[in-house]
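What follows is a pair of complexes built around chain A, which joins chain B in one and chain C in the other.
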Partner chain A sequence: MSPKTQAGDAPGARQAPRGAAPAADVIHNIGYRHYDGPRLGRAYARRSLFSQSLRGAYGLGRSAKSKVLPMLLVGVMCLPAGIIVAVAVATKTDELPVEYTRYAIILQAVIGLFVAAQAPQSVSRDLRFKTVPLYFSRPIETTDYVVAKFAAMASAIFLLTATPVLILYVGALLGKLDFVDQTKGFAQGMLSVALLSLLFAGIGLVIAALTPRRGFGVAAVIAVLTISYGAVSVMQGIADEQGETGAIEWIGLFSPITLIDGIGSAFLGATSAAPGQFGPDAAVGVVYLLVYAVLVAGAYGLLVRRYRKVGL
Partner chain B sequence: MYNPTVARLTYRALLGRRRALILFSLPALLIVISIAIRLMTGADDATADAILGGFALSVMVPLIGVIAGTGAIGPEIDDGSVVYLLAKPVKRPTIIVTKLFVAVGVTMAFSAIPTLIAGLILNGNSQGIASAYTSAAAMASIAYSAIFLLLGTVTRHAVVAGLVYALVWESVFGTYVSGARQLSVQQWSLAAAEKIGQGDVITSDVGLPVAVVLLVGVTVAATWYAGQKLRGLTLAGEE
Partner chain C sequence: MTVIATEGLSKRFPRVTALDRLSLDIAPGVTGLVGANGAGKSTLIKILLGLSPASEGKAAVLGLDVASEGGAIRERVGYMPEHDCLPPDVSATEFVVHMARMSGLPPSAARERTADTLRHVGLYEERYRPIGGYSTGMKQRVKLAQALVHDPQLVLLDEPTNGLDPVGRDEMLGLIRRVHTDFGISVLVTSHLLGELERTCDHVVVIDGGTLLRSSSTDDFTQATASLAVEVTDSDAHPDGTAALRKALEGAGIAVATAEREADGSPTSTRVLFVEVTGDPTYDAVRDAVAGLGLGLVRMEQRRHRIAEVFRTDSATAGPSPGARPQPSPSQPAVGEPAPRSAAPHSPAHQHPAQQDAARQHQEGGSGDVA
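== the complex of A and B ==
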């Protein structure tokens, strides 16, 4: 039996005339067209991936259920800023009760939850449903995927952390506080949350990209963020009690949020949140910056390494 | 009410994968910190209280509770393999109770025992601080496991919901709003610690009888409701 007759006997296949001389094989033209529109290329794909990931972090374009948590967190993040501004305006103080650089540090639990919930959402599901190879079948490279996801996550965190700072600033100006002072503080605050966003996005994505399980990713990210902070703040508190204040600035290096706080108090005029306000001075601040740079670059490097092999 | 096969499967799911890595690393970190602090400062009751209360009981125990409690049932529901378990002639409440036993066991093993070791390292159980916090951690393990197991059956975002409770409610609201402290597993277990520890190093906002009633009530109610949820479980696709 030739393959041809076999195909003819299969149910649902087109009936070939039996017994007749085998016709010459032919490919029927059933009207497929070539694509001759514009090819949008790598940059476009990268941009799309970026905007999709950024929207996804706030649940836009996803189910109503997945909008609840991010929107709730944005609300929780902005509410205290609104209250602070209202109080400051009502009592006619000449400065805000909370520094711009300090705001994100105070509400770090909310930021941590946002990163923990959204970083795995951004990368774990691609791994779990094995869509990563599909991305790489488009004209994007590993680095494009990593850059787009990294930038989207950092932008999402930046939106979350910069909005309340903006509310504080606008409120301060409406309350006719000193313009130069407030603008300087606002700029410092913005820079500090930008640094924070990059660092948190890097840490969150690296951990989330290790596992295809979303729930596990969430737990791992939050564990790293809160455990490191919990350990560092307890150690700092004890060092302060024991009078070994020199150690406080060095202990602060070991958790992301105290790292940002340290950079803020060394270079951005912030008051340190460390016990006794023993933040690093400019010399130790350089070490902080160095550690920060190593962490962000390391996160990027690890992600690129991870996606070079994953799912292929 | 206890099915050894379900228990064995749950143990393997909890400890067999990378999940175990977090479970092992948290207690290890606590013990390393304790050793470092003991070497730095020597034995000191206030320090021991700060570490055990501020880190072990308030951060480590809830986190391990979330991982073990939701991990006991969450992933199975998530990937749909729970139907094979539900198809067996085992009562749904039995499945929940068995998984609760496992979750409680794992949480206690990874939180109460390290707390005891850390306490002994820090001040050698002076003023009963180590044993007080150990029993607090053990009591909290039971309530946390039951609550987070329930969350695992109720929502697909159990880990996030559990973390919101543990971090936002207990830590943030608990610090600023005193009423929130009445409804906090951590404070209930601290009430027991207050009773066990000598001196007045440990304090709780809740009286011991109220705390014990709430602790038992929440555990039983959460377990019962989780059993009910599992009886009528609907398997949904990924959001």
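== the complex of A and C ==
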């Protein structure tokens, strides 16, 4: 980067050699300087957007006020894990009272709140303040934007859900519980929250990207998550009452959290949270996986379509 | 070298034709793109950024094809949208740094360039405050800064003076001019106001209904019709100095007019004479006439006619039909021609003074809308 003389710049100065040395009589040169450094392109821009969005989900790089809610939710999410560990260590049990795969399901309301608050924060603002065209007038494409936002949201949820699982694991090891058992459970738990993070991020972002109004986004995400879970739970309860236990595993397909729970109980050795623990077996579990894949891919596709439309 | 070149560029939507076989060649410098709302300006910008495929025809920006090299174009081009595009809860610095990184600048370079660019557009201490508290003028500066932060070779500015008061408008236009003269960055600026482009642009392109109405240098529009505003004092010998000077000048065969309004619509004194400049001798003639009458010279300043006046005569003669193509600029009469009044009255370069007056009055409010 070399300073460029300002005096006597004729139109068409761009053709002048960029590195032209300043004239000897120029003492204070605060003129325009050209940038000759590297331009790192699409992949770098995508990474930058990812890290900015991930930080933004926890209020980092934003006002102090926007840090309150995410940090509070992290606290609420981790506190029970800490208590469980403390109790387990103190009472010297040979098993944690809560399965690794079950923890996130129990605290699903907290995760739901986090998604509802942060997904609209991540995408509605760009829509509302019409910042989106500024992104698309730069090297990144629609898919880069969607991938970065999707990955950032999923990572943010993963951090929220994986931290307490990690606390449980560390606590279990400190309590000298069986290492092999705990490590297996921990791995299953991590996989389960990873699946949950991706699904919740997709659902949250699609709903949030529909509206530039953040408030609507928050309400809609909460509504979708709680109503679907409520409806599924009620249906499963009725099925259980009437002895139609075969239906329970199929009903579970219709809400995100029971979907994750079903995949967990089918493949990850989790105890199903469904009434009577009638979770899907491996055969029905394949259907669960299919639905899961369709939902995540569908969310991605819808987001790309949405941003094709709003771009510029 | 051309910055933007389009060839038979068309863009059709199911129900409207936004661009119709538009062929343009835009050289480095400041180019004004003028057109009424819906003339196809925004569509053209979208195509130039490689974000929207053309229905037919070709376009190249900085020698890169828009259809296949959109990413490379967007790395070298800056874009300032017409609408508000700034999040209110972050500071200008944070926002512009983020946008610089989105353009591919490494973190340290992004910060350095942001500080530089914000200073160049005239934002100082306030750049650390949230954008929400900025005035419209400051917001426009931030928008310009984010378009310049990655040191593009070309910036596309969509209605940069929208919503600004006259002072802010002047400042923004000055800034745009500097983007080219000081920063060496070519500029394509759109506006639906002709009046403000003539001070800023080297070249003006007028489109209407997606077709090219006219493309020529601003000098062709205005300089050939330069006039001189002269104001003199009275003296004992000449109680009405203005009238005396007018008589003397007209006696010397120089066209003189008075105007009730300035070109920007503000009322003016009848004491100001507008002298048609036909070459350097005119200045001497005015000086000699004033000196000869023994009057005091209050002011003598160069004025340019407004582009709008040129269009006014164009439309008066060629008709307002969008497809009409006015004469190409090279055919205009030479500047130094001795008797401007005798030139063809429909030539854009020379107008009857009465027409100028009419045009000035027409321009009330300072706007020079094409339509």
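The definition used in the following text is that the second predicted complex is superposed on the first by the 277 of 312 C-alpha atoms of A that agree within 3 Å, B and C clash if a C-alpha of one lies under 4 Å from a C-alpha of the other, contacts with A are read in each partner's own complex, and residues count from 1 in each chain.
What we mean here is this: a contact is a pair of C-beta atoms (placed from the backbone, for glycine too) under 8 Å apart; a residue touches a chain by one contact, two chains touch by 3 or more.
A quick note: this is a predicted structure, and the numbers were derived from the prediction, not measured.
Trainee: Quick one: is A:130 in contact with chain B, with chain C, with both, or with neither? Answer first, second, both or neither.
Mentor: The answer is second: A:130 touches chain C but not chain B.
Trainee: By the touch definition at the top of the document, which applies to A:63: first (chain B), second (chain C), both, or neither?
Mentor: After superposing on A, A:63 lies in contact with both chain B and chain C.
Trainee: Applying the document's definition of touch, where does A:110 land relative to chain B and chain C: first, second, both, or neither?
Mentor: Once the two structures are laid over each other on A, A:110 reaches chain B alone.
Trainee: Which partner does A:140 contact after superposing on A: first (chain B), second (chain C), both, neither?
Mentor: Once the two structures are laid over each other on A, A:140 reaches chain C alone.
Trainee: Is A:309 in contact with chain B, with chain C, with both, or with neither (first, second, both, neither)?
Mentor: After superposition on chain A, A:309 lies in contact with neither partner.
Trainee: Quick one: classify A:33 as touching chain B (first), chain C (second), both or neither.
Mentor: A:33 sits against chain C, while chain B stays out of touch.
Trainee: Applying the touch criterion given at the start, work out whether A:45 contacts chain B, chain C, both or neither, answering first, second, both or neither.
Mentor: In the superposed model, A:45 contacts chain C only, not chain B.
Trainee: Just chain B (first), just chain C (second), both, or neither: which does A:218 touch?
Mentor: first
Trainee: Considering each complex separately, which residues of chain A are in contact with chain B in the first and with chain C in the second?
Mentor: Residues 62-63, 66, 125, 129 of chain A touch both chain B and chain C.
Trainee: Tell me, which parts of chain B touch chain A in their complex?
Mentor: 18-19, 22, 26, 29, 33, 36-37, 40-41, 46-47, 50-51, 54-55, 58-60, 63, 66-67, 70-71, 74-75, 78, 157-160, 163-164, 167-168, 171-172, 238-239
Trainee: Going by the contact rule set out above, which residues of chain A touch chain B in the complex?
Mentor: On the chain A side, the touching residues are 62-63, 65-66, 69, 76, 109-110, 112-113, 116-117, 125, 129, 210-211, 213-216, 218-220, 222-223, 226-227, 230-231, 233-235, 237-239, 241-242, 244.
Trainee: If you look only at chain A, which of its residues touch chain C in the complex?
Mentor: So the residues of chain A in touch with chain C come to 4, 6, 9-16, 30-35, 37-42, 44-45, 48-49, 52, 61-63, 66, 125-126, 129-131, 133-141, 311-312.
Trainee: For the complex, which residues does chain C have touching chain A?
Mentor: 1, 28-30, 46, 49, 51-52, 71, 74-75, 77-79, 81, 83-90, 94, 98-99, 101-106, 109, 113, 116, 119-120, 146, 150-151, 153, 180-186, 202
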